[in-house]
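Below, each structure is written out as structure tokens.
Next come two complexes, and both contain subunit A; in the first it sits with subunit B, in the second with subunit C.
Right after this comes the complex of A and B.
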């Protein structure tokens, strides 16, 4: 498996820990994992162990962010490796979704 | 005996055994400057010799017993010779030596250089003076060692004779236009360097180039000056009417250069009268006359061409009796352009009354002596459209280049995988960029295409092709059709080509002059001048300036590239907001500005929330909008506001 997702839920806050690639081969898995979340107020995507991203992966995660926002669910991406954040920044995601949603991993 | 007391104290302090001798010395005093008594020679005690310099002489006293011999050395600006030999370092001296001390003085000197200009019309003297210096040696009291140095006592400027300079001029064959006063000044000048013109030739005189007098312009001067605009005249000329007269050139008289040679006068320029249609030349091409009746036009920036454009005169209104007017030349309407009618001129349009709910389109100037109500006016022909298109293309070019660079950087990121791009095409990445950071690109493309459609004129086909290409590849799902990033590069190249093409198509700036504007849209390549009460709820777009010097602007939108100068903007109640867009380095000047005015430059936006007097708005070097003026509060004692 190119990506493993562990989901933790506490007090209606779900944290999805990603480990592996966020790319064309793993986007279906992400969508399935998110679709399983029911009655959740906040979702944190933990990118700590993300090692690669591609345009399909980022496209998918941004669609998920939009969908969650439209449903009134607070979504955040946390522990983003600096290199991955640079990619997101070049694409302009922080500008669109708000910089507070993207939290860079502390070195 | 005060001196004796002093010496005693000194002697005690330094050396106890000197005490006695010093006393003796003081007693013998001036005749024996060493203060040595006659019996001292018999003293077997060791006593050093000494040497002194006094009144230009070196006086030596030999040592006694085992005492040391005195030494002498030379310092600056002196030469010391002992028994005829020049010393180089420290030398011992004894009584009986023939010691000469010579002061090394510096003699004053000068150099003269003469420079004659290439055309030999000017000779300049460059004089460099070096000061002479006289040195003096001060007396040195007796000591075992002395070093003799001289100090500058006097500085002497070199004396330069007038004749020496004249001789130099003569040697250089300068014989004409000699300025003796200048030479005297240089000779007497007490500074190290001077450069002064000492001879001036006489230029040839009286040369006159041919001149063209455009006689028809005098007619314009007699008209209402408010409505004169550019080089298109309001008056028409009749067949065979004289339009221009060439005044012949005059050869002039020769001059003389500084060497006395004759300088021939330059050939006077003989400019022909350049003509185009509607004009012919008579009297050896020195007089231009009209071959048709119409409006004389003088155009061209470097070479001026004179022509007469035909004039179509509508006596009365353009309305139900005339229908819409379209004419290749100029159109003069002595009445108004009535509701729903249009006027299309290959030249200029002049309306003596009003334009109401009408459309006026001209390749040259448009003048409406009274009011434009709910009217669309465009002057400058296609150049107006091209200016608008150029603005959009430039923004697009910049945004596309930025997007292209972002894609390139992304692909080089170590965390970014490009595997999916190879499978799906690089359009995937372009789409992502357009979805987020470059959301404005499809909007600009859409506006661009819409502008082309609205132009309703035949524009350069290249621009339409570029528009189609941009729409196909950048709007809707177009980006996903892009296979490789190089396609974006090609788009940029095509936009660049289009920019160059459009720039070349934008021609002369022409102006629109109107008394009052309401609920109208006015666009031109040059200036828009509203001479009367002002502009209400209208859109004015000028490639040059918008000038509403004594009028008011309430509501609407103003766009200009050079300057916007207005009497009053907005309304005291603040409910007549005006949008003002400053292009390039355009600045806004207004006597009164009410709150609610929106300023715009590129992506910068500024809302004026106070009432200002003598407001000036401009864009600084960093592209920020700046305001300078006096707020209404200031009138009550507070300070101005710099936004």
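Right after this comes the complex of A and C.
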């Protein structure tokens, strides 16, 4: 299994649970899942079961965050594994979108 | 079929051949018509001579025959009579003395106007004609005329004994009245021999004339089209790019060829000057490129403290061959990126690298393989064991990278900048221990070394 996305919606809050890795072969799946969200105030990306992410994956996440922000939707990335956060940091995502929306997984 | 086409190609291959060929056809037509008319004239002359000869023989014989005696044979036909034997003896004397006479006999006119009969025949064999045998007249007009004066047939006659010409002469009595005709058949062997000789001579003249004509025409055409050859040669040289700029064609014929030669000279000068200029420009820009490449190489090398190495194509070869090849994988489709990652994970885990280091290496491989997918059709990743770690090489057939974008690609990591090209290189530069990069229009060749932790920095 490369990537599986489960979407939960409650009170106009959508939570996308990712399971797998995020690279050039799976980024389309995220785009599709996000595009399916309608009339949502808040989106949480649950990275708990993300095993790997590279710059292509981060690039797509970055694009989605930017799009959601412009639509006035609050977006957060939660349960980020340390190794994954390192990549996010290198590519400067906390700098751009604000550190508060990135929540590192507790060990 | 093939032969005919070859001949056609040979014929169309040069103006000289075409012109010579056409001249040869016209000349042979002219020669043939001249020679055939000559042949006809000679034929007529020969015939006329022959007619005179045969007429003379007939006239001589007729004058020697006694008209009275011959007349008696007509009224008293007796082949054993003295008169008969006398006339026959005379005829036989002519027959034996003249090789060309085949038959000789006398004729008498029967009561009708058009009927003639044999009287005396020189022939004494079984088939010889007897007195009163019917004579088949060939040309009524000639016989009629022969009644008055010696005459020959208009044309040769051919039968089972060969080709003949007949001569006739009147036998007259003492009163000058014609009482019979002497007929002499002369074989045309001699004249045929002469005519064959004539034909052979005509053929010889034809062959000689044609050969001479072809030879002189060819050399004349060759001489007059020599400037054309020169022009063609000079353009060929030009095509082959070994034209000497100092060498000019020296056509001084004063006609169109000279003009053409000058135009070709001018055009080739222009062409070669432009070409040389372009080559110089190319050389210059290549040198500029090399200079820029060297600057980038030095800057990137020192800024990364010797980690990031830009290499020429020639320098990359030893890098790609070092160490032992552990495994190899192709990168052509999206799923190959994961395959490559899994492979490096396994290899490094086997070599007891730390989980963190393995993660970093996987990230680097993921970035490099993604670049192959994005920019090239096909790539190959090799994992090699080198002295102090693992070397990963990735070669692709893409269009190559633009050198001037490289510093941004290497040193600007994030998405904060508008530069959209390859953030992957930032990651590679951060996590690989040593990087070698070669990029040209033939493709990109990237080498990443992941050194064993305990040996790092020693």
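Points worth noting:
Basically, the second predicted complex is superposed on the first by the 106 of 107 C-alpha atoms of A that agree within 3 Å, B and C clash if a C-alpha of one lies under 4 Å from a C-alpha of the other, contacts with A are read in each partner's own complex, and residues count from 1 in each chain.
Here, contacts are C-beta pairs under 8 Å (C-beta built on N, C-alpha and C of every residue); 3 or more make two chains touch, one makes a residue touch a chain.
On a predicted model such as this, the values are computed, not experimentally measured, just so you know.
Of the two partner chains placed by the overlay, neither subunit B nor subunit C lies in contact with A:31.
By the document's definition of touching, both partners, subunit B and subunit C, reach A:56. Of the two partner chains, neither subunit B nor subunit C is touched by A:103.
When the two complexes are overlaid on their common chain A, residue A:2 makes contact with subunit C while staying clear of subunit B. In the superposed model, A:83 lies in contact with both subunit B and subunit C. Counting contacts by the rule stated earlier, residues 21, 23-24, 52, 54-56, 58-59, 62, 83, 87, 90-93, 95-96 of subunit A appear in both its interface with subunit B and its interface with subunit C.
Per the touch definition, subunit A reaches subunit C in the complex via residues 2, 21, 23-25, 52, 54-56, 58-59, 62, 83, 87, 90-93, 95-96.
Looking at the complex, you find that subunit A touches subunit B at residues 21, 23-24, 50-56, 58-59, 62, 81, 83-84, 86-87, 90-93, 95-96.
Interface residues of subunit C facing subunit A in the complex, by the touch rule stated above, are 334-335, 337-338, 341, 356, 359, 362-363, 366-367, 370, 373-374, 413-416, 423-424, 426-427, 430. Those residues of subunit B that touch subunit A in the shared complex are 406, 409-410, 413-421, 423-424, 428-429, 431-433, 435-439.
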